[in-house]
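The next part holds the structures, each set out as structure tokens.
Each of the next two complexes has chain A plus one other chain: chain B in the first, chain C in the second.
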Partner chain A sequence: MTGTRKGYLSGLAASAAEVMDSPVRRAKALRYLLIHIVVITAAGICVYPLLRILSISMRPGDRLFSTDLSLIPDGATLAAYASLLKDTMFLRWLWNSLIITLATSFIGVSLASTAAYAFSRFRFPGKKAGLILLLSSQMIPAGMLILPLFLMIMKLKLMNTYLGMIIAYSVSSLPFSIWILKGYYDTIPRSLEEAALVDGTSQVGAFWRIILPLSTPALSIAFLFNFTTAWNEYLVARVVLFSSKQYTWTLGLFELQGQYITQWGMFAAGSMLVTIPVLAVFLYSSKWLISGLTLGSVKG
Partner chain B sequence: MATVKFSNIVKNFKDNQVLKRVDLEIKDHEFVVIVGPSGCGKTTLLRMLAGLEEISSGEIHIDDTLVNHLHPSKRQIAMVFQDYALYPHMTVEENMSFSLRIKSAPRKEIQERVAEAASILQLGKLLKRMPKQLSGGQRQRVAIGRAIVRQPKVFLFDEPLSNLDAKLREEMRVEIAKLYQRLGATIIYVTHDQVEAMTLAGRIVIMNQGVIQQVGTPIEVYRKPDNLFVAGFIGSPTMNFIEGTLRVEKGHVRFVSPSLSLDLPASLLPAEGAHEGREAVIGVRPDDVYAGREAGKNCSQKVDAVLEVSELLGHRENLYLKAGDLRLLATVEAFFNQSPGSVVPVCFNFENMHVFDKASQKRLSA
Partner chain C sequence: MELLRSVYEVAGFILLIALGVAALEGYFYYHFKFHDRPWFFWAGLAVFPLLVWSGFVAGGIAKPGLFAWLFAIEAVVLAFFRYAVKGRHSLAYLLLLPAFVGLALLLVYPFLFEVYLSFHDLKLTTIMMWKNTGKIPFVGLEQYVKVFTTSPLSEVTFWALLGRTLLWTFSNVFFHVLGGFALALLLNNAISLKGVYRTLLVIPWAMPQVVAVLAMRGEFHSQNGFVNIILGRIAEAYPLLAGLGVGPVQWLSDYPLLTCTIINVWLGIPFMMVVILGGLQSISTSYYDAADIDGASYFQKLRYITLPLVKPVLMPAVTLGTVWTFNNINVIYLVTGQAGGTEQADILVSALYKAAFTYNRYSYSAAFAIVVFALLFFISVTYLHGFDAAKDER
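This part shows the complex of A and B:
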């Protein structure tokens, strides 16, 4: 009986599709096609430079200035990678960058998450002014901040140290992270914290056990922002760090650019290698970026 | 279980006083419903009891303990929120056991209490689900379960059914009534829905503009409203109000309005000199307005009214009538069978009539 009914229904659906027929379907197909053309073109434009660098990094030393456009060049070799790792302090630079970037990201996100919570939940004098001040600090070009940052770090006697870099980086990305997180906290109903308070947590407990776990999408975005900014930063590093042992990879790679000769093969190989951590962090955090956790908590 | 006492409670939001010297005592095992229009301060009062809102002045006692400055978790209350407030990242079981886990209660005790609450509320099969996988009614049940697990002295319900559709609301209302019978707990329940108030409450507290208007059993507030606000707020459809002047004549009081004059029986309002010339409002529920044949059977002082619209409700029928400038609603037996525009005799059931002083809005009649 059910089978017959099912058959009847699917028959009905099929005939309904026939009635709607080809013009509708054709329009739909055309739309998909257009969307895909745009997406594939955009992806191509983004990926092409990366492929060129990959290609250059694998060229044998005598063909660095070749105009050949093939992805895998003739006589492809990993010699540039080997000599980068063997003959330079590249691994050391990577390590420096990693330490500074991770510390910046963790410190930045922890400061921002608590500050944003205060901005989102408490009433205090200067709240609005504080938020506007944070926002306006984002409008100042990064270059303008170099001198004051340099002076402050020098006064703190933190020149050429990890700590100096970490402070400079985490402070400068705070405003953005605070705004992102405050915006997200604002969407979390207060009643959840109130329920937690009645259930026996302190205000800090409610923040830790309820708000933070629910904010993983926003926390991931803030973390990623901190991570990529610190990882790719050049200007501040140029000013604060002066011994090549302390260099981050951005400074280190420029070491390869000599006055008379630039080792493009190694430069390209280094560029390829430094994308790996960022890529890894992006891939890993993508699962936390999925929003919608708060769905279903209140009404429905 | 416990008693709750509000003494002289005031709440100010900047210049706005939302609670004006509220006094209220709630007895052990009592089901009290606080009802009033939105913005009347009922939720604020409940949140103050829960410790979620600061008290501007006054005292709140649970049993004999002053709780004004006690942390919400130390007040031994449990609250069911209007929007359920289930923790979205926890399963039903984790939601229900959260308060016990915070206290680091023994695992066995946690399991037992959750299982007990789950069996009361038939949540057994849903324990491993996340809140977003539940329907509105199920979420509400989990929120109640979370409260039960805590074994509180007082249960607080803040408009718990207002997000449910009409049918589910009816079901949950019955569930809550059953739950009260089973737990015998002290319950304070806030709602703006007077049907919920009438059906659930042992005592109703009616509030308006930060002031308690009347406290009484559902039947008391329905039969003997203290003032015009209560008379108009309780009961559906709303009471008819007729404005006029009182005259004392030959040992009885006569109510005079442009469209209607009535001799009020002494049982309703004894003839006192003070009533002479007093501006008054008569209140009479639609059920106590007789029309057509009912009017013929029941009373002597009849008025002719024009039937404007009639609404069939099933077993009853609402008649919208007009007598001169006066508009009246009468609820009569179904199938009144008169077409709009026809003239019908109308009279009133004096036994259930109310007389209020227009100036003070207070009840004058017995």
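This part shows the complex of A and C:
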């Protein structure tokens, strides 16, 4: 990165001298300048709301509703963060989300890993029907299943519990996870397992000792996908959880922003605290995430 | 103490899952090693339901009826493995079993339950009866008739919602692809700081959606939102523009659908950009070199090289994006879903959600959902059919 940046800067300096004598080069430099301007504008639009939240979260209480647009407000303070952690149940909400999300992802990935193995390595009656069922299940609008799930959870007396949430979430990413993992298993040569079978392990042993360890990248993608889906979920949580002690952070933030406009600063602080780790994980893993998405589709 | 109890509750569930896996492990053993030992069948019948049941007890839900159910299920499963699956496919079915049981219970069953609901009358006044006795009055097709004749909310009709949904889906996907394509083309140049730009540009996608939408809703607030502040300043600085009507706007109450669309376009462009950029980067430069030698213009290259070669990546993304946008409750509900929120921005799926959970019209909403599903299914099948036909022509 530094290399290209250096090259770019020196290129700019050099171009100042050279541009004059070459219309082609001048047109090219102009074009690149335009590209940079457009892309920087777009990036600004993408990032600005986040910066605004940051700025609002640092405003002192009496200036929450100023029409000030500066990024670091006058008299910047972390008071909103302090009162968020002290006066609301924000940490509790995060904890709730974490438990529900981890349990969901764990279940989702373990179910998907074995099912994908069956789809990848075995021929059996009903295989094609199963794959079609998986794909067509993606056509059912997610919003449509919230109502029956809600009624089921109510009937099971699991309203307002973690277990109810985990049950509601656990299969939502399953078809997609199976699809990704199947695509990945397909790329692992069969000869590895055959060697293990010759050495005397069972098919299950080969799966457990060879395929699973080799599939760590795909498993982490599936885990990450399950995790983000459940972590950011709002609509199911809205109807299953009703006491603020059991809220996930999405419900908590909605309440902070919605009910009392005076809590705007705390909403902003909470948003920052939630967003930064998610952003970090996403940006760190986005390369694998995207390659994983294409991998699943190409090999499908 | 509270935290401790929550840990217990989940630990119980985890234990349950672990036991389920252990039971599965047991089946493997049964299949591979204990094949001929009859005691295993009876031992399994006695032990597994007890173990799973104790998992439920640890999770804080102990019902006597549950044990009977577990016992019956276990008996069926064991008998299934003992007598039905002895062939060479048994392992594959065993591996698939947990996932498909999960899907059957939490995807297929709810779907069928929704169909059942749509022919009955479950609403706020009958729900207690259903809770206690499990019975709901049967009303036949009444709910379906109501879907087309009465409003799911207070005023808006099904047909208005349908039109709005199509408009919403089309305009969103159009701008997603347009914006994503433009940014991807720009980023595909050999510009410096490309990685930095890409990182910044995916931020709307990477942020938790709830935060992104709520923050954007704040930016459209009539007094404190960024958009109106800027509009106000422009109107102040250039009275001429103010005379033309530029100035602060009541976004959330006067133009809720437009506001939602702007927010969703902002949210959706990065995904398209990343997908299209991936497609662009896989195109070999030799095509462009050859075209340069032939003297092709920029737009000719775009039309005859870039577009056809990006199409295999673009089409699935557009299909996916269309279904996502059609089904997008999140943005609209988060912007307009509060008490006193408008219904001027609702599309089919968000009206469905509100009918069920704001107005508590469960059966109505179920019938509505079936109609929406049929519609989506019809559109997808037609679309895929057209897609295949287009493929055959080539």
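We take it that the second predicted complex is superposed on the first by the 225 of 300 C-alpha atoms of A that agree within 3 Å, B and C clash if a C-alpha of one lies under 4 Å from a C-alpha of the other, contacts with A are read in each partner's own complex, and residues count from 1 in each chain.
The rule is simple: a residue touches a chain if its C-beta (ideal position, glycine included) is under 8 Å from a C-beta of that chain, and two chains touch if they have at least 3 such contacts.
Please read all numbers here as calculations on a predicted model, not as lab measurements.
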Chain B versus chain C as contact partner of A:P189, first or second or both or neither: first
Touching partner for A:I210 - first (chain B), second (chain C), both, neither: first
Chain B versus chain C as contact partner of A:L145, first or second or both or neither: second
Touched partner set for A:V198, first chain B, second chain C, both or neither: first
Chain B versus chain C as contact partner of A:F267, first or second or both or neither: second
Partner chain(s) touched by A:F122 [first = chain B, second = chain C, both, neither]: second
Touched chain A residues, chain B compared with chain C: C
Which superposed partner A:L84 touches (first chain B, second chain C, both, neither): neither
Residues of chain A that lie at the interface with chain B and also at the interface with chain C: 202, 294, 297
Of chain B, residues touching chain A in the complex: 50-52, 71-73, 77-79, 81-89, 98-99, 102-103, 130-136, 139, 146, 150, 163
Complex contacts: residues of chain C adjacent to chain A: 2-3, 6-7, 9-10, 12-14, 17, 21, 28, 32, 59, 61, 89, 91-93, 95-96, 98-100, 102-103, 106-107, 109-111, 113-114, 117, 122, 131, 183, 186-187, 189, 191-193, 195-197, 199-204, 206-212, 214-219, 223-224, 226, 229-230, 232, 266, 270, 274, 278, 313, 316, 323, 326-327, 329-330, 333-334, 338, 349-350, 352-353, 356-357, 362, 365-366, 369, 372-373, 376-377, 380
Complex contact set, residues of chain A against chain C: 1, 4-5, 7-8, 32, 35-36, 38-40, 42-43, 45-50, 52-53, 56, 65, 67, 69, 92, 95-96, 99, 103, 106-107, 110-112, 114-115, 117-119, 122, 124-125, 127, 130, 133, 137-152, 154-158, 161-163, 166-168, 170-171, 174-175, 178, 202-204, 231-232, 234-235, 238-239, 245, 250, 253-254, 257-258, 264, 267-268, 271, 274-275, 278-279, 282-283, 286, 290, 294, 297
In the complex, chain A residues that touch chain B: 189, 191-192, 194-202, 205, 210, 213-214, 293-300
